[in-house]
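Each of the two complexes below includes chain A, the first together with chain B, the second together with chain C.
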Partner chain A sequence: MTVIESQTPSRTNSPLPRAVITLVLIAVGFFLPRLLGGTSVAYSTLTTIAIFAVMCYGVDIVLSYLGEVSLGHTLFWAIGGYTAANLSVKYGLDGWTTALATIAFCLAAALFLGAVTLRTREFVFSLVTYAAAVVAYEVAFNWDAIGGSDGIVGIAALKLPLGVATFSGASQEDLWPVAFALLLLTLAFIARFRRSRLGTTALMVQMNPALAASLGVDPRKVRLAVFVISAPITGLAGWLYAYQRAYVGPDMFESYFLVMMLTAVVLIGRRILVGPLIGTALLIAQQNLLSLGGDWNKIILGSVLAIVLIFWPTGLAGLFRRFSKSKF
Partner chain B sequence: MNVAQQIINGLVLGSGYACIALGWTILLGVARLVNFAHGQLYMLGAFVTWFAIAKIGLPYPVAILAAMIVLALLGALMQTAMMRLVMTQNLTSLMIVTLGLGYVLQGGSALLFGGNPQTLPGTLARAKVDLGPLWFTWQDVLVLAVTLALYGVVWLFTQKTRYGSVIRAVAEDPKLAELFGVNARVVYLLVFVFECSAVALGAALVAPRSPILTSMGFNEVIMTFVVVVLGGIGSIGGALLAGLGLGLFTAFFGAFVAPAYTTAAAFALLLALLVIRPAGLATK
Partner chain C sequence: MNRTIALAVGLLASLATPVMAQDIKVGTIFPLSGGAGPDGQTVTNAVKLMVGQINEKGGLLGRKLVVISKDDERTPAVGVSRANEMIAEKADVVIEGWNSPVTLAMQPILARAGIMDMTAVSKSELILGGETNPYAVRINSSNGFDAEVIAKYVVDTLKAKTVAFLTQNDVYGNGFQTAVEAEFKKLNFAGKVVLTEKFAFKDTDFRVQLTNLKAANPDAIIVTNSSNSSGLPAMVEQYRQADLKSTFVGAVGIMLTTVFKVAGDANNGIVSADIFFPDLAPFTSIPESTAFVAAYKKAYGADPDKSAALGAAAVQVWAHAVETTKSLDRKTVAEAIRGKPVKGTVFGDVEFLPNGQMKPRYVVFKVVDGKNAKLEALP
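This part shows the complex of A and B:
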């Protein structure tokens, strides 16, 4: 799995057309639900895709750039959901406050887990993150003060006071701009991360550990830093998911979300900026529009994950590249 | 709630943990591979046993054998599919692939066996033994005896025989081992097949104690993680001790502190250990 994505030449050359293309894509993206008919199904499906894509980007940072597997991101996903639900239902706090609290809790949880596993081997890190999610499930299931086995129902609509006006996301159509904005912010963050010192160092640790060591990089500290910044991304997705469903419960820990995150990242190919977004869109489209029932959907999702990694480790993008090369 | 009964409960729980963790210990310690489908394989082993007893009408010992054979075949299939990743020692991808395959097994089992909880009939789980105020079942005795015997045999096999050293040589450096005429693929295949039948045996012995569900998956065997890491990755004696110790800890914590949070407590124990001794208890 040591294939570095080669930058396509057209991407780096001219900055102005690139900015224009990006703006056009953003505009098209924003009006996409209306272009697809403007029905509530279009809005809710696209909102779900945006939320799930953000969820996947948390795992993407760790898996693509660090090359390690976090199996505990359902924990951050649930932290976001539970924070939004508890603070808004019990204390009537607005969306900004619950979002800030989500970020704070996710950073704290990731810092704790990362620090505890700092001196262990890589797969112990995966084991412990997975175990952490299972344990958190047990706690969420048994602790009635934060919802218990029934969860929390009746979360009020998302309220985001913006100076004089207050944004209120009561319906799926109202939530779409928030989900879209969160997705754009996440994409901008990932794009920035890819060029940052931490991002390039993480990639170096993954691709050439010997070089990294000779430059005095401690791979464990890099792992901790990347893990910690990845947590609030998935957490914020869970935060918005709570408002979208108006309910949170222990089902946020289901392995579905974990398998979904990993599949969306590897399906298109790792280290591709829009890869997880396209992967999420394809998978959600299958589950929502071409569903074969819960058990068959599980078989499909799990098989996609296993088959892609076994046969096309560079994902559909790598397959496409190989295919288009062989023609010339 | 007396202490002697809790010690018995602890040994009962602990031998179950150790029994289920044996396959993982061998896979991780001897072949340096991981398998995140372990929980679903446990579930499948339990359901194949249940199916053989309740639907086909086989006696319990034959049903155990059937479960071991079915899981061994499945293991061979899985390992053959993953062979390229195994030979390149791509642990990252192996973790994710096995997780995906586990999810497939979960969906497939729900289709095959239905979504209802089942209990295994015809086992020794109801054969109660009373010793004054203390009690346990013959099933518990069976689990403990088989676990101790298995750990003994596996320890002798891996540490004292030529085959054991061949397996360890492959784990150390598959390419180098192949230069010496060892077929690393076959060794990996056999170790993985062993893991799958070991977990089937563990499931057939341990699962009769409680109702089984196709969705139980990894939550059921989260203790396997704790046992394997506590015991010091791959140490056979360490895993047995960690399993029994964890069983005692769980029994006492459940009886005297809070039964709902035993897994959380075991996890807290694991985290504390990782800080104090990152390589596990067995290492010096």
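This part shows the complex of A and C:
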């Protein structure tokens, strides 16, 4: 499943084997928790990796295709969590409705934030998006109607009515198919986006603004569009996280998630389809399986982020490419 | 063919049943790193001490106890991972909870897995609401009871005519103020609340609020401030510098060691209340308490504070329930605690309410020598 979209067009020109490989990888991916022993920890760890990876893909689009660092995506992550929690606890709405509401709220918030930051670049863009997340955190922390500083408890199992039957999932085992499906949908969406007109134009605007301008592209429209579509991706991850954890609180704005998003994306390298997924998997595996204790984990996470950014801005993939080139 | 399968299944089953009695696993999840790290380590140490004492007496149900301790990093997302690890390691009980969001995030995970969950410190009212865990048990006191003892002191003992609030602006601070005001009504408080000043948890400069309070000059100022390592000591210092004449009445549980360490003698005269003291009556005459204080001092070289006592009591209460029911089953154990009395804890003989809350007994005290953290119990 790690090579669904490897950028080697010369070898994968024939569509049939490629489709077969993709299907096999999807099947392996789906049964991965079983292959790892089928324990509840295998399920919960992989479900968490899938959810966090989807969370990272929202940031990935903005970083890879706009070249901007959004520090405000915890806002969309929290919108997903709060929407799922509030609508399911207070109004008993099912998973489809809360997901749709999440998408709607994220689009609205991103449209507003995107419009405000339309003229800002780089540092100022990061700062404004961060400020937005800080303001949202204060609102969530102090507004008792949506949970206040204690958050919202008692989120019932995820219910997804499917025509005649209803999917209902509370345990990690039950949620894994949903998380896996959400991850696949996200990967398919990103793969599509990379080849889409918007994706290629966005890259052109970032890499060669003069060319883009000469072709009559309005860079502001492109920026806004990319930012807006990135929001519901992170939002839907937050939506599923609310059901997985059954508790939502202002901690969804915490830097734990923000650092996770940024590190997972830059660790492997930008514009690599499975990059954020592998990055998330590495980070979670380190925290859960090779944990050195809270203080050391944070030091490691921060150092990895700094070292990668300073020495290998192209990520581990770039390092690997440079290494293999010099050898052969 | 069928016989072979049956034989194989039988063989597997016999392999799966343990020949020897396995150890009973006592899990702890507290912050062990970061700002709250020392506090979490204190609770964990107390749990380890108590478990060691039980093992010395032959264990529980004839089995040895082992402690599995984990760090929640004061982050709910991390706490959830640790709770899942406890499930994988098949913990028989998890003693957890320094701050409420982490507890609230872990509760449903542990409850779904059927693991007995003892909350030691986290104070939120939601923890015992029954929505996240219908078999919740908590040792620390709740805001509601805390408010009652503070309101009683202000109205009945101090006989204050005018009262002001200096309140931390969050669920903890605002919730406490609301609860105190409700208690005032119950006590038919004849005086008046003349002023409410608010601040944020992270604040360290309170001079504006203190100037307003000085102008109002109430008989008592009721203070909530849970930032015990920076905000509260700063507040105490500035309170003295501003030379306020009103009695500083601190909410329950805010006067921790760090406050005395940082603000020293500026604490003199502060009135507050709490549920455990290693060196004040009645704890000095409870044998279980004095034994615990001595053992803790011997093991770790310092007096145990309230958090340590909460951790120790969590072990004692759980072990008592396991012993009387001869069971480790969550429902059975929880039902033997909720709504029942438990004798011989470090808090003395205690009683649990039907919702799982340990009924607190308070000591109202006045700080007499802040530098050495000397207190005097008030009647």
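Going forward, the second predicted complex is superposed on the first by the 314 of 328 C-alpha atoms of A that agree within 3 Å, B and C clash if a C-alpha of one lies under 4 Å from a C-alpha of the other, contacts with A are read in each partner's own complex, and residues count from 1 in each chain.
Just so it is clear, a residue touches a chain if its C-beta (ideal position, glycine included) is under 8 Å from a C-beta of that chain, and two chains touch if they have at least 3 such contacts.
It should be emphasised that the depicted structure is a prediction, and the values quoted were computed from it without experimental measurement.
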Given the touch rule stated above, what does A:44 touch, chain B (first), chain C (second), both, or neither?
-> second
Based on the superposed arrangement, let me know which partner A:249 touches: chain B (first), chain C (second), both, or neither?
-> second
Is A:295 contacted by the first partner chain B, the second partner chain C, both or neither?
-> both
Determine, under the contact definition given at the top, whether A:153 touches first (chain B), second (chain C), both, or neither.
-> second
Of the partners chain B and chain C, which touch A:305 in the superposed model: first, second, both, neither?
-> first
First (chain B), second (chain C), both or neither: which does A:318 touch?
-> neither
Scan A:142 for contacts with chain B and chain C and give back first, second, both or neither.
-> both
Which of the two partners, first being chain B and second being chain C, lies in contact with A:58: first, second, both, or neither?
-> neither
Answer with first, second, both or neither: which of chain B and chain C does A:172 touch in the superposed model?
-> second
Per-residue touch tally on chain A - higher for chain B or for chain C = B
Residues on chain A in contact with chain B in one complex and with chain C in the other?
-> 142, 294-295, 297-298
In their complex, what parts of chain C are in touch with chain A?
-> 31-34, 37, 71, 73, 75-78, 80-81, 84-85, 87-88, 100-101, 104-105, 107-109, 112-113, 124, 126, 129, 131-132, 169-172
Over in the complex, which chain A residues touch chain C? Could you list them?
-> 39-41, 44-45, 48, 141-142, 144, 148-151, 153-154, 170-172, 245-247, 249-251, 254, 256-257, 287-288, 293-295, 297-298
For chain B, which residues are in contact with chain A within the complex?
-> 34, 36, 81-82, 84-85, 90-93, 95-97, 99-108, 110-111, 217-219, 222, 225-226, 228-229, 233, 260-261, 263-264, 267, 270-271, 274-275, 278-279
Please name which positions on chain A make contact with chain B in the complex.
-> 1, 63, 67-69, 71, 116-117, 119-124, 126-128, 130-132, 134-135, 137-139, 142, 255, 258-259, 262-263, 266, 294-299, 301-306, 309-310, 313
